[in-house]
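The two complexes that follow have subunit A in common; it is paired with subunit B in the first and with subunit C in the second.
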Partner chain A sequence: MIMDDDRISTEQAIALIVNAAVGVGILSLPRVAVKSAGPDCWIVVLLGGLIALFGALVVGGIIKRLEGRTFVDYISLVFGRPVGLILGVVYGIYFTLIAAVVLRGFAEVMKNFALEETPLEFFVVTLLVLSAYLIRHGLEPMVRLMVVNFPFWFIPSVAMLILSLYNADFSELLPFLRTPPEKLLQGALSSMLSLVGFEVLLTSAQGLKTVKDVNKVMVVSMGIVTAYYTFVVVTVVVSMGIAETSRTIWPTMAVVRRISVPGEILERMDALAVALWVMVVFTTVCAYYFAASITFTNVFRAREFKIFDSILFPWIYLAAMLPENILEVEDWLKFAGNFSILTCFLLPIIILVAGMARDKWGRKG
Partner chain B sequence: MGIFDTLGKRKKTEIFFERDMTPDKNRKLYKDIDENLKVFKEYLADCDDLIIREFVMGNPDKTKHRMAMINIDGLVDKRLVHEEIMKSLMLHARQTPLEHSVGDKFLQLIKVGLLTVAELKETDNFGELVLAVLCGDTALIIDKLDRALILNTKGWEKRGVEEPQTESVIRGPRDGFTETYRVNVALVRRRIKDPNLKVKTVRIGRHTRTDVGVLYIKGIANPSIVEEVLKRLNKVDIDGVLESGYIEQMIEDNWVSFFPQFRRTERPDVAAAALLEGNVLIICDTTPFVLIAPTTLFSLFHSSEDYYERWYIASLIRLLRFAAAALAIAAPSFYVAMVAYHPGMLPTDLALSIGATREGVPFSTTVEALIMMLSLEVLREAGIRLPGPIGQTIGIVGGLVVGEAAVRAGIVSPIMVILIAINAISSFAVPNFSVAIGFRLLTFIFLILASVAGLYGVMLGFLGLTVHLVTLKSFGVPYLSPVISFKFTGLRDLVVRAPLPSLKERPEYTVPVDKTRMRDSRVKERGGGEENDNG
Partner chain C sequence: MKLRKIILAGLLSIAIFAVSGCWDMVDIDRRFFVGNIGIDKAAVDDKLKVEFTMPIVRKISGEGGQGGGGGGSTIASVSTVADSIHAAARQMSHRLSRRLFFEHTRVILIGEEAARDGIEGVVNFLSRNTEINRRGRIMVVKGKAEDALKVKNEYETLHAMYIANIFENWMFCSKFIEITIDDFMKSVYSTKGNVLLSRLTPGKMDVSIGGAAVIKNYKLVGWLDENETLGVNFVLGKVRGGDLTFKQPGEDYPVVMSIIQISTKMELVEAGTYPKFKISPRIVADIVETPVDAKIDGDKLKSLEKDLEEKVNQIILKGVKKLQKEFQVDVLGFGEYLYKYRPDIWEYYREDWENIFPDVEVVVDTKATIRGIGASL
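Then we have the complex of A and B:
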């Protein structure tokens, strides 16, 4: 009626990308960064942010060329219908996979830190049901939830990490820049995988109110994400040390466990931190779940995306439950990471270049 | 057909229901008074409260103008009928030279020159006439004339304007709405003396024929919201409307939600403030509760006093309310989650003392909390229903004696008693009772979630709650506005209340036509005020 056009403003788009990007990475990124670059871990994250920003701007370039078309329609226009459909399906599978992997990673953490005896399926199903219910209502309510929830996880998480600085040792970040450049780059690539999330905007681009501001959206959101992750990595490393960080699966949780609250209200914060972290995961899952449903809807040119909301539900669940143990989960995470290099960088670059070429020479024929 | 089918259908039907409240509008009046009276008696057969008074106008010896006056006993102001109608027509008319033929001129003379009633109108059909009589007007039927007069003589026994019972304030006006529609509209009009304050009345209820008024300020309220309210009101087809709660539930957006999609108030100042913010009022006859639409979650936490007090105090009180709301929803569930699932989170000393007090309590913390919460709900309900002094006694007996005895008997632990007491008190710190009662329900749901999955359950509850709230709308306005985007303009009057001179714009959620609320007129220094008067 009044605001019911299901379109999002520039600020809301920023919220969407930030929430899609910040997810399971909070817990594992410090380890990834430290493993590849030791004391230069924060440079690795910053570099990763730069690379991600490049990908984001490419995606922004594509979004500017959509001109009201869906992403799948645009690829079909550039490469022809069959290729367009195949690429659409690839993106759909990618989004589904990421949603599943994030869910599984979340369930593992929950089992480890909060409720040891609860089966993994419980966590996966409860969160999946909630997100399925939310995305049925469309893009705008989903983004609204991300905006509403943002202060609830952002402020406490920053506060907790600041509290953990009571025994910080900043000399852990020395020596400065002793890592060989190729190792830095390699680390940047692997840490970048925690920073992606901008690709969900590709499929939701139709819901953008102001497409011309898309570069601003990308820059601001990637800036927020990179700054936040750098902060996380630095606080974790300085309060726990290089050696320990590289040996812990979820170093951030280990740091939070050690916090003592001023005033002795709570003795340990880990359960609380995990509970807050659920919000972060939830928004990420929603963003990818929504992107997957929209992509498949566009591929099959269905009128109602709610059908794919229901169709995808069992598949995400199955994909999330597929790995047998935590090691396989790690393998899946790696696979999903490599997949995201394809979908966030290689394919967008190809599509953008092809689209530009088509604009320049294609119309003559 | 189940409940879901019926409710589902209501949303789908687009047909405007012809809600013609007047029976037999096509049935015209006769010229003969006896025949008219016969029809009238048919309509209102077996209505013993009907009064029909036949009389002759002016001097009974000279003229033969038969008339009849019809009204309902108890609904009319007797003094008005005696002094202004009967006296005028029977006594004062003797001094007026009367026409012998009854016709338009004669009617005009009565209307303009004789009847000293403030409001009257003419009608030519029975439908309107009967309805008017039932509404408390007096019908005047004249022989040899196929038209009748409707004289406004409404005046039944009614409660005066008193201090509202449910929304008491320390600072602020003391008058409250009453059960009479016109009085309520007047109370608002008295505050907003603006021709742009519009009042549109619809009649709802096939049998009750209740007046329902829609008030808004043209030029501030968004026309599409006004239209939507009127459209939804016109769709309502129900046998009776006894309270604005009927209207509320018939036209709200989401009937599943725990959250009211209207703000309701007993205070004219709150209603006027809402109008000035661009809201639409729905005033329903026979109830002092006025509905305000659209509504957001945050506006339910605001009280009129917030704007009368200085802003520090107002902001602090508002923050307190939000904190109380959080306690009201989550306190028991948090406690249960920590004690049952994450005892490691508690400081050791506290954990030990909780353990010591729980010694000998046979139930789990969840059951303990449920026992206490349920008995508290029963106490609250009993306290409301019983007459004043006994209600207080119940509070003391229930709260102190039973609570103490339960702890002594080892059914509940003392910490639980403290917790539930704080929880209950917090829930009543929320100014709006319908929200508070919704929170009580949520407390139970959160408690069960916490007992199933600890803090994760609480978080699931929180997420579910926010998911529900972001999808909820009140007349097309998002329920959580203005917290829907990363824009911070709306935050000045939300959780805190910024100084009044800085609230230059109306809140966004009503999508007002005219956004500006005030110009910069603050007196910067002493004596600076005169300049503003000139400019």
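Then we have the complex of A and C:
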């Protein structure tokens, strides 16, 4: 049962998207960006942000056309029921997959930097149980937690990265614009997984109080996400150098480890970073887990979405434990990134165009 | 109601597994905090002799008067022969009652012979390991790392702190390479194995850090002495103090200047077959000592400044020439400068940079200003 009051305001929607988008990318995006564009990595992120904003506005356009219907119902209306169901399942699988790879990425970091002997399964299960518990209460309580959570990871993480600038070498960002444009574009696409997050609003859109403000939600949240990621990438690259960034699996973590405030008041901040990391990942997993359950609920037209919360639990766990090692996790992340290009850009554009066409000519024809 | 209580009790007992403990708990008295790691070439095969030193906490704190005082060192050191550093740490578990713990490692010493064979192993160990403190120091020992770790200094309880703290004196001499493990990793990756590391020379009672080890392609190729290192530091703009001594004509007693501040600019003057670089350090210095009868006035300051500039030019050229002619390795950032600021020109030289670098023409143009003259005219 979706409660009547289970609706979110514009600000809450912004918090939802930002929390969903900022996740595993914090630690790995600098490497991804540097690998494809070297010193022009920050342009890659900005470009990726622009592309993501475009996708977000398309999604916003769809949300405006829902008019109270669920997303799956809307696709069914436009393309017919079978296609609607298939696309609904595709989106459901996508959200499940993202939740799983994010969880696994999270567990790998925890194992490497904090708790070496603890089994991976344990990290995955504990965070998953907590997420399952939270989303059972519905959209609004989950988003409320995200709003409360937001300053607690945002401010310390920015402060921590500013501290790491003490021996920054900004000439690492030179030479400027020597990367061929197609490489920049390629890099922008490969950093997409870190930047997307707006698609969770597609399926949660019934809960949006002010649908007309959806464009504002998209612009503001994508602005925050892009600015944050650009900041992360630039600080990591200037304090670590291009060459080492591209060889380190989690460069941001390595940068945090080297922070040393003169007088050794603050040193070895990785413990704090790991704590922030748990919060960041937790909100991302929740957002996608919730989106997955609500999508399957809509596909099966179930009245109770909580049941899908429980049904998805083992599947997310299994998908998270599937990769054998970190390299396979990276492959999964790449796969999920390509998947997100399909679900966040290609499909929404098709759906929006088809929907507009239908509005114009559909009834007559 | 009863059912609920049973379920609650069941849940609580499950919670024991989740909240009561930690897989990773190792009590502090079950750990050895490794302070130094020394790496030498072993006499047999291609193996490494790895040495770890760690403080014996019981003796340092002198708990209950039973441990301390009496004798024996406060530092324990153990060594083993193994294929790699990690393998050595693992082998130690056959012999030690506690687990080796690297979070507080301050110093990594590489023996001369081991460094000549190559330091890729060390680099790889450091980049994969997430435990080592990245603010630690890494240097090459003239001779054996073992000997440096045997030195019994009288000044500090902890050997690792003794060595690491010498680096704080960088402020006064600038005659070694001020580099942390972190900076080392950064430059070793960006230059593909060409770096300068500090040189440590073990003595009987103490060690001396000064000069530099030249690493080319991950292998030690030779040494720079103290003054050459100072010259290199001038080029890199990394001088923070340090004295320069020279004699003025007609005087017996030298003038000693202390450097306060420096900024160095590098510039490409000409890009012919071989590029021509201009290095221009801007120096602010204090006068520390002069001949006793020297009168310091405007003209005298001018001439002192001129002499100082001359001296710095010489020192820089000497260091640069040695790297160019003897070692032929670009650790001064000429290539990096071209790559970053003149990428078009870099395209032209890049392929053959290793052969071009030794013939690069370098001119030095120092500008010195004397600010303080001490408390005497």
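Heads up, the rule we're going with is that the second predicted complex is superposed on the first by the 354 of 365 C-alpha atoms of A that agree within 3 Å, B and C clash if a C-alpha of one lies under 4 Å from a C-alpha of the other, contacts with A are read in each partner's own complex, and residues count from 1 in each chain.
What we mean here is this: a contact is a pair of C-beta atoms (placed from the backbone, for glycine too) under 8 Å apart; a residue touches a chain by one contact, two chains touch by 3 or more.
Computed from a predicted structure; not experimentally measured.
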item: Touching partner for A:M240 - first (subunit B), second (subunit C), both, neither; value: second
item: Contacts of A:L272 with subunit B and subunit C, given as first, second, both or neither; value: first
item: Subunit B versus subunit C as contact partner of A:T126, first or second or both or neither; value: both
item: Residue contacts with subunit A in the superposition, subunit B compared against subunit C; value: B
item: Partner chain(s) touched by A:R258 [first = subunit B, second = subunit C, both, neither]; value: second
item: Partner chain in contact with A:R178 - subunit B first, subunit C second, else both or neither; value: second
item: First, second, both or neither for A:L145, with subunit B first and subunit C second; value: first
item: First, second, both or neither for A:T248, with subunit B first and subunit C second; value: second
item: Contacts of A:L115 with subunit B and subunit C, given as first, second, both or neither; value: both
item: Touched partner set for A:V353, first subunit B, second subunit C, both or neither; value: neither
item: Shared subunit A surface residues [contacts with subunit B and with subunit C]; value: 114-115, 118, 122, 126, 267-268
item: Residues on subunit C engaged by subunit A in the complex (per definition of touch); value: 18, 22-24, 103, 127, 130, 133-135, 180, 182-183, 185-187, 189-190, 339-341, 343
item: Parts of subunit A lying in touch with subunit B, wherever the complex brings them together; value: 1-4, 9, 11-12, 14-15, 110, 114-115, 118, 122-123, 126-127, 130, 133-134, 137, 141-142, 144-145, 147-150, 264-272, 274-276, 278-279, 282
item: In the complex, subunit A residues that touch subunit C; value: 39, 112-119, 122, 126, 167, 171, 174-175, 178, 240-244, 247-248, 254, 257-258, 260, 267-268
item: Touching residues (chain side subunit B, partner subunit A) in the complex; value: 222, 224-225, 228, 341-342, 344-348, 453-456, 458-460, 462-464, 466-467, 469-471, 473, 475-478, 480, 483-487, 511
